[in-house]
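Here the chain labels run A, B and C in written order, and each chain numbers its own residues starting at 1.
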Amino acid sequence: MKNSLRKFSRGTGLSAAVLGVSALVLSGCGAPPAEDSSGGGASAEAGSDYLGCIVSDSGGFDDRSFNQSSYEGLKKAETDLGIEINQAESQAETDFGPNVDQMVQAGCNLTVTVGFLLADTTKAAAETNTDANFAIVDDNSIDLPNVKPIIYDTAQAAFLAGYTAAATSETGKVATYGGINIPTVTIFMDGFAEGVAYFNEETGGDVQLLGWDKESQNGTFVGNFEDAAAGKTNTQNFINEGADIIMPVAGPVGSGTLDAVIEANAAGKDVKAIWVDSDGYETAGKGEEFILTSVMKLMGDAVEDVIRTDVEGNFDNTPYVGTLENGGVALAPFHDQEANVPADLQTKLDELKEQIISGEITVDSAASPE
Amino acid sequence: MSTATTARVSDGTAVRSWKNPIILSVVALLALLVFALGAPGNDVTFRLSEEGDPVVLPSIVVSAPVIGWIAALAMLALAVLAILRTRSGQKVPTWVPAVFAVLFLIAFLTWVVGSARTPNVALYGLLAGSVTLAVPLIFGSLSGVLCERSGVVNIAIEGQLLFGAFAAAVAASLSGSALVGLVAAAVAGVLVSLVLAVFSIRYVVNQVIVGVVLNVLVSGLTGFLFSAVLSEDAERWNSPPRLPVIEIPLLADIPVIGPILFQQTIVGYLMYVAVAVVYVALYHSRWGLRTRAVGEHPKAADTLGVNVNRMRFLNVLLAGVVAGIGGSFFTLVAVSGFGRDMTAGQGYIALAALIFGRWNPIGAFFAALLFGFATNLSNVLSLLGTPVPDQFLRMLPYVVTVFAVAGLVGRSRAPGASGIPYIKG
Amino acid sequence: MTPQDDRPVSPATGDGAPHTRRQAKDAARQDEVRLENAVETADGELPPPAVPATAAGLGAGPAPDAPLLHRIMTGNALVAFLSVVLSLILGGLLIAVTDQNVARASSYFFSRPQDTLGAAWTAASGAYLALFQGSVINFEGDSFTRIIYPLTQTLTVATPLICAGLGVALAFRAGLFNIGAQGQILIGATFAGWIGFTLHLPAGIHLLLVILAGMVGGAVWAGLVGLLKARTGAHEVILTIMFNYIATNLVLYFLSTPAFQRPGSTNPISPQLDATALYPPLLGPAFRLHWGFVVAVLATVFVWWLLNRSTVGFELRAVGANASAARTAGVNVSKGYILAMAIAGALAGLAGVAQVSGTEKVLTSGVAASFGFDAITVALLGRSSPWGTFAAGILFGAFRAGGVAMQASTGTSIDIVLVVQSLIVLFIAAPPLVRALFRLPSPGAPRAGKGGSTTRTPASTGAAA
């Protein structure tokens, strides 16, 4: 039996190899491009001697979350403003120093750093290189003339999402969970909790929020932003406990939630998800029809704006705070779920938005920017 | 591979191991303190089925203090029994720690759910999720059984799972068929174990070293390909179709265990088959006998005409198939797409399950279930709202592993020649 | 062997006594071998173990009397060099295959093959050039500081790698597979960092206390594993891996408590360490190189002395060679395990100190990066010998420092560095494979598996009994 096994494996191995090689050979039979198409084209617009750079935190630019959105903002600035760009993706926190240093050495006019973990490095670099400008996303601890903090009061938009969830939930239970228990995550969850609480207060309802307790600042966390299977299990547990709207605040882990939601709907349950950071209907890649709305944090636009002001020579170090008012944070449209959101709820949401902007309602989170 | 020391024998009497009774007594006293005296005052509800199920079972509602006291007293009784038996020099019967463990589990569950904000848990979901989480662990530990029983230490389970997951995602995405991905995963597992086999059997390199380095290599390789190729065009390279869930018609309707056991994908059913086949083959077939011989007494097997190194080589390759299929679980069943380092150390937990299960496929199966349960329990607890900080809840499966490997298993005996390369002559 | 070895060492005293220094050296070496064999076989009572459990060997080297060319062609240094070259070639292939330009050019490969080959060459050589420029010399630097900056970066990154690698290597020598360096670095860094930002002591004392705290933290975390192994016989590979995960979560928990956070913020990042708790820069403020590198060198010397010149080291090596034989010979194996793990943990803790007090100056959950796992490959490459580990630490420090620069300038993912590193270790660990690939003559020892072999390679630990 061993010999025939050998022959079998050799046979299949051989044919697999032949298939593979022929595929490779065939793929090389294309036509060459015209002679002078290669070589970089020089950008002809003004500002092409401006170099905008970005340094990510350890999430990397493919984290489908704030690193990616900020990077996309930079790329948009490249096409819209015609500037040159450069980027450095950090694999670990120990890379922060060297990466920022690289950018400064490359002569970046504006270096965007993403995340509070980069604050110390950004501050040190800004102090040593006073003629270069910096912008830091999601951190407001630096007060230097050449550093512009870009922060978001995400709790405001999360409040609206929480109210929507509480108002549309049929089981009276909604849920949320996070990647890691850090302020940039808990600000979503706090806002969400406040929205649910406000709904209960106003209408005398009793909608329960699973997975986050604002008082004790404790809740359900996956422990990382990678393990999507854990996100799926968490969501399934929430669904088992009766929740029918779940908001994952965990970057790519949220795709596990979408998987669970798709499966639950296929089994006959009416479950929806609320996406974060970007409009999930556009970016999530699957399960769009079950995404009720999203809590958007429009980082790309903010980054592009800051670059634009710097290109025009109007850089200043006042923190950019994304709010409902200036559109830095927003509640996404309902897309396919429009039918489930009655007209009076939509009007109420617009009202609430005005009230938050005017200050009548304050959404309060330990993680909010001052 | 663990150290087995000989028990010191003094003046011919049998060894009285006081370790077990002491552990039982300490735990029973702790149970009395925490579960009985410290019981939360409310009733705990264990839901066994949902409304839409074919057979709806009533929920079990228990009073936390009552359960706490009953369980603690029963555990104390068992501990006393163990002490008496040990004092008179008799062996403690094996059912004692088993029943003790079950009692502890019930009391712990009641106490911890009762202390949550919502003392109401979907037991069926808890168990179902545990089985789901355990699938890759079971495949990984089966792979370990195949390798180590023939005498090759397989630390590279993590790498095999990860490469299997990667290959499954890419192949299924490119071909549009999940089954193609499954086959690719098996091939990927074989490739990793091929390297292990060649280096450790042919070139006599230390097996632990090869295993550790293989894990780093696979992590780096898949990470590199992920950022260089998969992220650039995720639709083409990283959107595998999922394996459909296949329900077995009547069996799936059995309350509680039906949905858990009989609503799986093909990978889940393969898992049952694999455990059964490996068990039967290992203990009741000629191949199994030779494998075990090669792992325990390679010299004796050699003199009887068994080609030791070829046997080891083939078994390692077979183990690669098993682990590769286990890896496909991550990208074809759990989530639909590969992520960097997505196995997150589960290969090592599978190894721990192997050791905890005493290198026995059935034992490893139950050990893996235990770890899956520990992980899912910590998830469920955090969403029910316990006062325990989430970081400690996340430590739960690892702490359980440490206790299992250090406390409960004690000096387990690895296959005699495990880890020692066989050099003829 | 120098010409001085041929000088007589003492007046001829009759038969048997060494007449020259070379003969004295040979006699000393033979004595040592005899001693080791005595330990391994409990003075002849036990059969010798199938393979000795000491450091990863490169195989039997060539006979010292063989002609020079033969020695070069069969020697271990050449194998090591070729292993590195082979790994770099494979890595380059991987870079070329996944490069965008190569992919584009390969679609018309047959019409214009030189485009594909040119693009492949550009991709691979560009990446490696960036690697070199980021780790050794930056030709395009505009000042002397900038030109030698990469070399200082290499040494800076090598510092924690060397310390943690020494920890892993020492444990290897005692027969223990210490996969837990990552957790030990984290706990060491936590202890050290806490002392650094909580206490405010004068310079000198503060730094000393920080270093001590780091070593204690690592020693405790690893010593616990040694204790469990000694008392319960549990497998240290599993224990150390589990302890890694526990340590990660523990540090995350600490960073969520006010004691470890910055006043007024709930971010999981500690206050900055006091200036008195930091390693002073070694070459001035323009470089990141700090006195931690000197500490790493001192640690290497210490480990060398411990293993080769001290009784404790001899006992640890005996335990590593054959635990039951050592026990029979009177060595307290349990104590040996605990001591070996504790010292290994202390060394890993030093790596943690290098991180918080040297480069990062703050405690975060990611302060250990992946150094704990890199340290394992460092120790393996260094054959678990102190100076070998030192050299391997420098090499991998170069890869890492260069890798960051390579990623920044060419966009090649830094994971390729991991691939190259693992390949190097694999090839170094299997010299016959490299020899076969390059058609080198073997030094006289045939390969294992078919007909008899005397290749000496390491065995697993604790498999005896």
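Quick notes
Everything below uses one rule, namely that a residue touches a chain if its C-beta (ideal position, glycine included) is under 8 Å from a C-beta of that chain, and two chains touch if they have at least 3 such contacts.
Given the structure is predicted, the values throughout are model-derived calculations rather than measurements.
If touching chains are joined by edges, the resulting network of the protein chains shown connects every chain directly with every other. Looking at contacts between chains, the pair that accounts for the most C-beta pairs is B-C.
Averaging Cα coordinates per chain places chain A and chain C 38 Å apart.
In terms of their C-alpha centroids, the spacing between chain B and chain C amounts to 31 Å.
Shown for chain C are the residues that touch two or more other chains, namely 249, 252, 256, 413, 415.
Touching two or more other chains at once are residues 181, 223 of chain A.
Within chain B, contacts with two or more other chains are made by residues 227, 389, 391, 394. On the chain A side of its complex with chain C, the touching residues are 27-33, 58, 86, 88-89, 91-95, 97-99, 102-103, 105, 116-117, 119-120, 141, 180-183, 186, 223, 366-367. In the complex of the two chains, the chain C residues touching chain B come out as 50-51, 56, 94, 98-100, 177, 179, 228-229, 232-235, 237-239, 241-243, 245-246, 249-250, 252-253, 256, 323, 373, 376-377, 380, 412-413, 415-419, 421-423, 425-426, 429-430, 432-433, 447-453, 455, 457-463, 465. On the chain A side of its complex with chain B, the touching residues are 2, 60, 62, 175, 177, 181, 208, 210-211, 213, 216, 218-221, 223-224, 226-234, 236-238, 240-241, 252, 255-256, 259, 263, 268, 285-286.
By the touch criterion stated above, chain B contacts chain A in their complex at residues 50, 52, 117-118, 120-122, 124-126, 129, 132-133, 227, 231, 234, 239, 242, 245, 314, 330, 334-337, 339-342, 344, 376, 379-380, 382-385, 387, 389-391, 394.
Those residues of chain B lying in contact with chain C across their complex are 1-6, 153, 155, 195, 199, 201-210, 212-214, 216-217, 219-221, 223-225, 227-229, 232, 309, 345, 348, 351-352, 355, 389, 391-392, 394-395, 398-399, 401-402, 405-407, 409-412, 414, 417-421, 423-425.
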